[in-house]
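Labels for the chains are A, B and C, by order of writing; each one numbers its residues from 1.
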Amino acid sequence: MMKELYGFELLGALSDAFSPSGNERVVLELIKGQVEQYCDEVYFDVVGNLICKISTPKKYAKKTLFCAVADECGFMVKDIDDGGRLSIAALGGLDTALLSARKVTVGYGEKTTVGVVSSKPIHSLSSDERSKPTPIKQIYIELGTDSKEETEKLVKTGDLGTFRSKAENFGDGMFKGKALEYRVGCAVLCELIRKVNKENIDRDLYFAFTTLGATGMRNTGASVAANVIKPDNSYVFGGLGACDVYGAKGSDVVCKLGDGVIVSISDGRTIYAPKQTSELTEKLASLGIQTQPNRSNAGGGIEAEIQKCCGGVRVTSVKIPVRYPRTASCLINKKDYESMLASAEACL
Amino acid sequence: MLDTLKKFIYAFGVSGCEGEISSVIRKEIAPYVDEVYTDAMGNLIAHKKGADKNAKKLMFAAHMDEIGFMASYIDEHGYIRVTKIGGINFVAASFMTVEFANGTKGVLVPEARVGAKDYRPEVFYVDIGAKDKAEAEKHVKIGDWCRVCPALNELCGSRVSGRPIDNRIGCYILAEAARTMKKCENDTYFVFTVQEEVGVRGAKTSAFSVRPDYAVAADIGGAGDIINCAPFDVVLGKGIAVKLKDGMVICHAKMIALMDRLAKERKIPVQHEILESGGTDTCMLQQAAGGCIAGAISIPTRFGHSGVELIDMDDVEGGVKLLAAMCETKLD
Amino acid sequence: MDVKKFTVDLCSLMSIDGFEFAEEDKMIKLVLPYFDSVKSDSVGNYVFVLKSKKKHAPKLFIDTHYDEVGLMVKGITDDGMLRICGIGGVDARILPSSEVVVYGKKKIKGIVALKPTALIPAESRDRLVPVTELLVDIGYPKEKTEKLAPIGTPIGYKPDYVTLGKKYLSGKSLDDKVCAVAVIKAISLLDREKLGCDIYFSMSAKEETGGSAVPCAVFDIQPDFSISLDVTFGMAPGGNKLSDMKMGGGAVVTRSLLTDRETVAMIENVAKEKELPIQSDVCPMSTGTHNDDIVLVGRGVPGALISIPAWFMHTQSETVCIDDIENTAKLLCAVIEKKFGGEEK
């Protein structure tokens, strides 16, 4: 049996898992191992979502869906040249300019290899090119192989890749790792599942760890999960990009590390269920859990999909600020994370 | 205390023509040292012997040259074209009264209908009021050095402004340190270098011949308290700046630590300076011959290379005390 | 001597320009076993000496530069982030969101903060944020940051070494410490009994900032010959086919006005005799390496330049082919034995 992980050890393990969009199975198997024994039902659905169910003994109970995105920003191998180098295409929100000179993991499933992302050498750049981010056309991945054949033993076209990074404590009470904007939600759901006391619930609880969420596509795994489960209401957990750097002011800040969880009233894609959301906010206040507003009204994620599935679902989102999302080195404040754990319990 | 500084400021000394400033400084420092001599490049070297034979060699360097111009062509109307010596800011130099080494006054102006964004050395000329070429040639000949007229004005509190504060203020700090030091533990050389503004030339040869163990340059630095300037942590009035790095040198950590320690002991306020571009004598001091442990102090200065270079004399006093403290401290 | 392990050990050390002394104990512990003695000077060069048993032996100066590019703290913002400037030619394209080590009162993890797009004026969004406007996030409030990483604190890329494929090594600061590894490996291969010259191996300072310190060492030693080693650009897509060298193609021998023709020819002949792969490079005037700073010092020093091709220079993922290090070491050893073997002259 898999060792049960808690707290930042669990979050770190999830963060390190190699699961760019399309390769969610790696992190999902890890999650499955952590929560299986606490659930009545655990399965992968048609599009790869991991669904965990805890049933109430009550008949005709209502259904609550807890949801978090499982994948992370990544890229796909498009081509292998004669020298054995890889050309890539970004999947959704990955800023490929940030890949330059980075070490990356490439592969499919558990079979991976390490590469270095390269671009046109600096001495061959014009002064104009030097002052611009590297265009994707100039980016390729070097695997240290000498030929296409040698590379094909390691990697195929269509394989996936993402940053190579190791989660760890950072600075004064912070935590660093890749994919934290998604994996904080996964980690919180894992801990929540373990805390459910079956005797005390009067609803069927579904926990969905969904696929393709990092691609930014209009419909992702979350749509399918919601369509199949048909929940009455839903809570979505994850991270919200914090721009509390470079002296940002006003709505540019979005949210601030260390200022607590964010229960948004609305964002660019969703107006959250008013009653359910304000009830949660009040409850968090009464429990002394620190919250902060979402100062911007832009962005949005899988909440929009869940809200609009079937006949509509009451959706509330619980997020924590994540600095530098979609990079190899996202930062969160550990206190915020603990507030989110407490908030999740308050949703039961 | 401004009397000495005034003497230094008013003496002529464009790069390559440092004779006058050199003799003014020589007169000022001679009583406080054992010997004063001028080397082949024109560097003025004042030597004060150390306490004993094993004393380490400590060299202070301040460049005594200033930026300026040189007459290059006299046209039929008696207008004088000039070439620049050192990094001239033409916006600051335009429409200023200038003087030649022989005292001839004139005005430096751009050609008519040339806007500030098109200022290049070629569009400038000096009008000395001559009627024609013949009259002009009585006062100025090709190759004569010229500069924007010196000035030193007392502003609010301890602040002064004028030119060429770069780098007569450094020379002043060296001279004052020589005058006020209570003892001379190290074999100390006060070197007033030439031709810094045209490529730190004098420092190289003087450091080669002195071969110091420790060397410290004194020169003007920048100031981060000017409206709309890039963030820069050194400001006027918060003390003399200990240089950490500039565009040409990274100072020796031992030197930085020594200065910080002395400043703390003697309660001299100091700041730390990082200049991202530009350089001073420091780099040449560091690399001459077999190299030495080099560092620098910078006088926080607003509006460098203009006619209104602005400094705080309190910072300068700190610089004097810091150099004097180095003289009084046995280095090993 | 395991070349790969030695390379990782040496390159992991912090030696940013001006801070070459930072981990000198560890560096000397690694290198000194291969030499008789070491002397450091006041500009940051470390000169390791291996004496010949012959009297009045000629002096061979071997140079590699020990310094590496980096960043420096130039200020601290109100929210405790570090304002920075570059030390040497840092590649601005690769900095945003890179992980770094801040060498303050202790080693502190840092991230080069990504500037949110919303804060960049629309007309500048297609440009990189210049290095001098970037911030480094260490996750501490201002008061703590001021204590931990005061102005002047150096910052380096995070050491993270990986083996690519079977024979490539990737990580920070291989420029130019892999060349030091090649020299040390060559020394370990030498037949000490036959050594006919005194070797002065300088791990020199301040190459990356152009304020080269090596002339000071040359001035003091007054060598009879010099061989400089540095990295050169490895061939890669988008590179310059004329000047870039093949990775794994062996040591690069440079012909230039500033390299000694006889010595270059001799090196080429030795390579042929020993069947070692080499490549030729031509840099007509300046070689852009320490060679140029050495040959015209004092009474002059005949010099040669040997280079190892590298990819992704001045990034956290500089990459070399381990075969090239090994072959350069063999070549250097053979050259020393041939030219200074003791039997000739």
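We take it that a residue touches a chain if its C-beta (ideal position, glycine included) is under 8 Å from a C-beta of that chain, and two chains touch if they have at least 3 such contacts.
Since this is a predicted model, take the numbers as computed values, not measurements.
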Most remote chain, CA-based centroid, reference being chain C: A
Per-chain Cα centre nearest the global Cα centre, belonging to chain: C
Chain A and chain C, separation of their C-alpha mean positions in angstrom: 40
Euclidean distance of C-alpha centroids - chain B vs chain C, Å: 36
Length of the line joining the C-alpha centres of chain A and chain B, rounded to whole Å: 59
Sites on chain B touched by chain C in the complex: 213, 230-233, 244-245, 248-253, 256, 272, 274, 276, 283, 286-287, 289-293
Chain C residues within the chain B interface of the complex: 17-19, 21, 41-45, 72, 74-75, 83, 85, 87, 132, 150-152, 206, 209-213, 215-217, 219-220
Residues of chain C defined as touching chain A within the complex: 77-79, 81, 89, 91-94, 96-99, 108-109, 111, 113-116, 118-119, 126-128, 130, 135, 137-141, 144, 160, 162-168, 170, 233, 236-240, 244, 248, 311-317, 319
Complex contact set, residues of chain A against chain C: 81, 83, 85, 97-98, 100-103, 114-124, 130-134, 138, 140, 142-146, 150, 164, 168, 170-174, 176, 241, 243-248, 252, 323-324, 327-329, 331
